[in-house]
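Both of the next two complexes hold chain A, though its partner changes from chain B to chain C.
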Partner chain A sequence: MSSSSRRRLVAGGLSILLALSTVMPAAAQDMIRFGTALSLTGNLATEGKLVREGYDFFVKTVNERGGIDVAGKKYKVEIVYYDDESNVNTSVKLYEKLISQDKVKFLLGPYGSGITIAVSNLTEQHKLPLVIAHGAASTIYNRGYKYIFGVLNSIDHYTYNMVKMASEQKLTRLALLNENQLFAQLGIDGAARQAKELGVEVVYKEKYSSGTKDLSPELEKMKAAKPDMIIAGGYTNDMILLARQISQVGLKPKLLGYLLGPTLPGFVKSLGADAELTLEPVQWSINVPYKDQFFDWTARGYADAFQKVYGHVPDYHPIQSTAALQVYYNAFQKVGGFDPQKVRDAIAETDIVTAYGPIRFNEKGQNIAKSMSVVQIQDGKPVVVYPADVAETKLKLNP
Partner chain B sequence: MQLVAQIVLNGVLLGGFYACMALGFSIVWGVMNVVNLAYGSMIMIGAYVTQMAVLQLGLPFAAALPLAALATFTMGYVLQRALLNRLAERSVFMTLIFTFGLNMALINLNLILFSADVRSLPDVFGRASFTIAGLSVPYGRATIFAVAMAMTLGLHALLNWTPLGNAIKATSFDPDAARLSGIDVPHVYALTFAIGGAIAGVTGALVATSYSFSPVAGESYTMKAFVVVVLGGLGSIPGAIIGGMLLGIVENLASLFLDSGYRDAVGFTLLLLVLVLRPRGLMGRRFFAEVKG
Partner chain C sequence: MAALLARWRSSPWAGSLRTAALSCALLAILVVLPPFLSLYWLRLLTSVLMLAVIAQGMNAMAGFVGYPAFGNVVFFGMGAYGAALAMTAGFGVAPALLIGAVPAAVLALAVGPLLLRLRGHYFAIATLGLNEVVSALAANLSGFTGGAAGLSLPLGAGTASDAAYRAYSGFVALFAASLALGIFLRDSRFGYGCRAIRANEEAAEATGVATLRVKSIAWMLSALLTAAAGGLYARWVGFIEPSQVFDMSISVKAFVMFLLGGAGTVFGPLIGSLLIESATTLAWSHLLKFHLLILGVTIMLVVLMLPDGAQGFVARHWPAVRAWLRHRS
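Entry: the complex of A and B
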């Protein structure tokens, strides 16, 4: 190929691209566009993928049904995605891009509390609603922000039902251990408060540095305090080490709970017997007794429909994403338009029931209508054991 | 007192593991003046190979471990021969940038191949412990310690009592003189990197049994190896052991007596102290880079 014909080819390609880029916005007019940056690569990529599936599943469902009905007209839905590489700084830049370049007015939360805090500073400045599906830190909601709404239970409420179970089982000596990191600290501090409230004594409470390769000093001290229940918080890597070392140092609590871990991919497979009978509070399970008021599915119905599309049973991540979009879905219909301020006001008045659970926000933007279920690993499978109206089977204590 | 003794013992066991993972990092740095930032990713590859060998090929762990070592040995040789040798005579920064990039490439390759899921091998050594003088020693940690020590002795023997060892040392001190005496310098470099790789592979196999691993988890191992090597002295095998044990014990005691959150702070304070008082490291001779001028 001669150099001039190659140049012509490049020029031709460029002009086609240019033409395409001017056509696209026109075609997008009858679209409602949401925007989000997710951790599609990097160390949060596992969760990022699940989060995206939930957002996508809503889009697919709504578009298949003709779109969202706003003031008598059907609008299809589309989400502009970026990859934040699990990095806070990248995420903030991408949301800036979503707002200023892509002109997205309705934002969906990223994955993770740290990233959500940073991103919400930006969306609040722009006075644009941010519906958070995966930011559980209570600090997100304690800053007096008016444009943020989280559909999930925030972290300081995670352990409430676990501690309540302990007190109902007459377990009175609780040991708490967490990674020295915001998410885990808030959760375990919450557990300490709940223990006090429910009359359970906290006999040990400490934190450890992230990425520690030996937790035996902490566990030996914990052992000396003779706990009958342990609740630990941290990310999966450390929790796997913790689970191993708990049995190695000979700690035998009646109950062992994690802020998160047992239901994440890899945990049970990695630990085998050491994962047995461990507990985790979950935002949602297939057994929750809610029937969606918008789509004709129950929690199980959602899971079945989801599995047909993505080939795996959803944990709580996808449906939490879907619920965030349902909050918008409800608000658009209430407002009959797309003015961000009016949509924000309608979101603040949300009072709906979804397959994920009931959603109603307090003045901080926290969902106060829902509580956490508790899951236990029995015979290698996660089953819901608490509260009673959701439980699949009975709680088992370690001998 | 019993508790303190137990914690010190645990620190020694942990230190053996630290020493083991630092060896491969140390030898490459010492001989070639290459700070291998992709070292942790090579450990992760060792862990993945081990896991596949055990779960998919159904091999016993004892057979999977050499397989992991072989995989990272080969990888190390090829990388050095094909790519790093071209940079060997250049500045340290070139090799730093190269291994930094290599690390990113390996992390993303692992993400594509294995996904970001956290993995681990369940129950290779069981959960049991044995007791010495009232102190309990979990089989898992004891095995790691034993493998680490065996590998250290093996490397010591290799470097001091074999012709290859002499060639490696000679090349490390003066590549030009080594070349003049008929040593195939690029081959020796590649073998050194490969040995470092094999050690990473073995470390990875051990990580798979007692810890968890994921594509991004390697960096914390590179960091630990770095600290241990600087503590103990560059390129020194006894240094790696002493540096590893010291760090293991000090970290564990810090967790016991101070708030556990200070664990890393105490480790790095120790590093600073050693750097100020004895910059060549506890067992280090003169800085290799310095010798090479």
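Entry: the complex of A and C
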């Protein structure tokens, strides 16, 4: 390379740097920063995107209204995001970065229960609050930690209403199948416990290993047990595979429920008829009758406003994210400041109603103020069928 | 006097001493460094050391003996589970690490004489199978290991920085052990046996190296080191699950690292781990979707262009660089 062309290259590089530095916004004075690491790539990227939209939606809404009002002063809101690649070690590393490098004091949980457990070890040692929007494992909350708060129902409560519904429909033979992984295991174990409690017989219970590409051996065995209801648990891609293979092996249960799947975008689209009449317990649906005490919207109002921004109807993921930030929002206003210890104490005293549902924590940090609804896919659309006070329409059984 | 010095220089132990001195200097730096680092950088450095240890375990087998033990992560997982179970049962850290590491070493010694009759890809694939088996056991013995729900360790006493220093000092000690293993494998009679096997196994056998025994012992040492790293990892993160500690990508990373740093060298694994972890931290956070692609391409490039890794590359070109410097001055 000649020296003149090298000089030109250096000059070009410098001018690009200069241009970039003028575009970068000056750091705002009155800004509250939250931090989180999410699965933005990797096999949980679908869920990660929805989670992020919910956080961003809160930020957008609050900032458009001038910011959060704390002790008579307006503060804009910002979230520092990192991508944890769905990897525990990476996630903990990134939370350490948020805390000791970026000096973020208000943390939002990651996506996934295993990762949340590891991350909460770190935040607990730092004595900083961690508001969890997407870690449902009961094991997260059973360790006596003082700084964790989950706005959602824990997994062991997921299937309660679904099993209850089955017993009311006089279904007596339940088959259970789950991915051998924390979330699915706790959820399906919960269903087995509830079945016993409600007098439903469990005729089949198995797990399959993560990353399986074929579930037909399990399904053939399940078929031989003649279940009239199936509940399966795993992440979305597995559930799509499972739904296909259930119809391929000729299983025809009266009811077919998933811990997670039917309401996620893509499930109905990629399965078509195989998605019809499937059930999912949901943390939230558009029809829940709650009116938000902070923003002038109901559940439906939230969904409409959200759809205008992101172009799709939100499932429970985004609003759960939004609710987690509302817990902080409420605590800041109660404290009138940003001292992490005081904010933590105020969060423990949370008693609010959001469009997501009521939020009140027990001493373990679990939200004990709300329960799960059951959604069914009817004519390709998710509708709430249980419990009666939020149901849009009647439950349909497979013929 | 001069003759004595020359004889000393040419003895194999001079090299060992030099490397040991360099190792001590490196360790001294690692010991005084923490107060200058934020907890984030300390965690990154801890991570680098952990990966360097795992890569040294891989290097012991793949670099020195020439057996690509791709499934070595199995020992990491066993060490993590063994130590975690012991710590939950109330054992201290040192005995817990032993409880994690000894079964791993025993497993290597037990299956070594079988698997080490396979060569090249066949051996690599067999070790992968071993990892699958043990990982499935850990996932399915739910009563014992917690199964897929994972195992949560009690939080250690003290603040976040206490915990960070505890983890760091543990890995510094283990890293020291990994350097000692490297020196041993490079300079001892046993190490010559290993390298003879790598160069030509039949010839080694013919000249009297008990090949199967040497290979098995080398794998056992590799297992001990890797399992101890797993045990420290479990205590550090405080939560383990099968998918996380039997994760093949740990092995892949370790493989890239020791190749990149220099196969069959003492410091190669550290150099590789430093290079890869810096690259991950600084650049890859923007290129995440291509993560595995980049790792794969790196393996191919290193094998094709840097067969003796970064350390070998520098060593090879050092005379030329020195001549050039002298010429300039």
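To be clear about the criterion, the second predicted complex is superposed on the first by the 370 of 399 C-alpha atoms of A that agree within 3 Å, B and C clash if a C-alpha of one lies under 4 Å from a C-alpha of the other, contacts with A are read in each partner's own complex, and residues count from 1 in each chain.
Note that in this section a residue touches a chain if its C-beta (ideal position, glycine included) is under 8 Å from a C-beta of that chain, and two chains touch if they have at least 3 such contacts.
Treat the numbers as computed from the prediction; the structure is a model and nothing was measured.
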item: Chain C versus chain B on the shared chain A, clash or fit after superposition; value: clash
item: Partner chain(s) touched by A:Y208 [first = chain B, second = chain C, both, neither]; value: first
item: First, second, both or neither for A:Y82, with chain B first and chain C second; value: second
item: First (chain B), second (chain C), both or neither touched by A:T41; value: both
item: Contacts of A:S371 with chain B and chain C, given as first, second, both or neither; value: neither
item: Partner chain(s) touched by A:T298 [first = chain B, second = chain C, both, neither]; value: neither
item: Touched partner set for A:S247, first chain B, second chain C, both or neither; value: first
item: Which of chain B and chain C A:Q333 touches, first, second, both or neither; value: neither
item: Touching partner for A:Q169 - first (chain B), second (chain C), both, neither; value: neither
item: First, second, both or neither for A:N287, with chain B first and chain C second; value: neither
item: Segment of chain C that clashes with chain B, given the candidates 55-63, 181-189 or 289-297; value: 289-297
item: Interface residues of chain A shared between complexes with chain B and chain C; value: 41, 180, 207, 209
item: Chain B to chain A touching residues, read off their complex; value: 3, 6-7, 10-11, 14, 17-18, 108, 111, 115-123, 127, 129, 136, 138, 140-141, 210-212, 214, 216-217, 220, 224, 248, 251-253, 255-256, 259-264
item: Interface residues, chain A side, partner chain C - complex; value: 40-41, 82-83, 85, 87-89, 92-93, 96-97, 99-101, 114, 117-118, 121-122, 124-127, 137, 139, 143, 179-182, 184-186, 207, 209-210
item: Contacting residues of chain C [partner chain A, same complex]; value: 38-40, 43-44, 47, 136, 139-140, 147-150, 152, 155, 158-160, 163, 233, 237-239, 241, 243-244, 285, 288-289, 291
item: Of all residues in chain A, those that touch chain B in their complex; value: 41-46, 180, 206-209, 211-214, 216-218, 220-221, 224, 236-237, 240-241, 244, 247-250, 264-267, 269-274
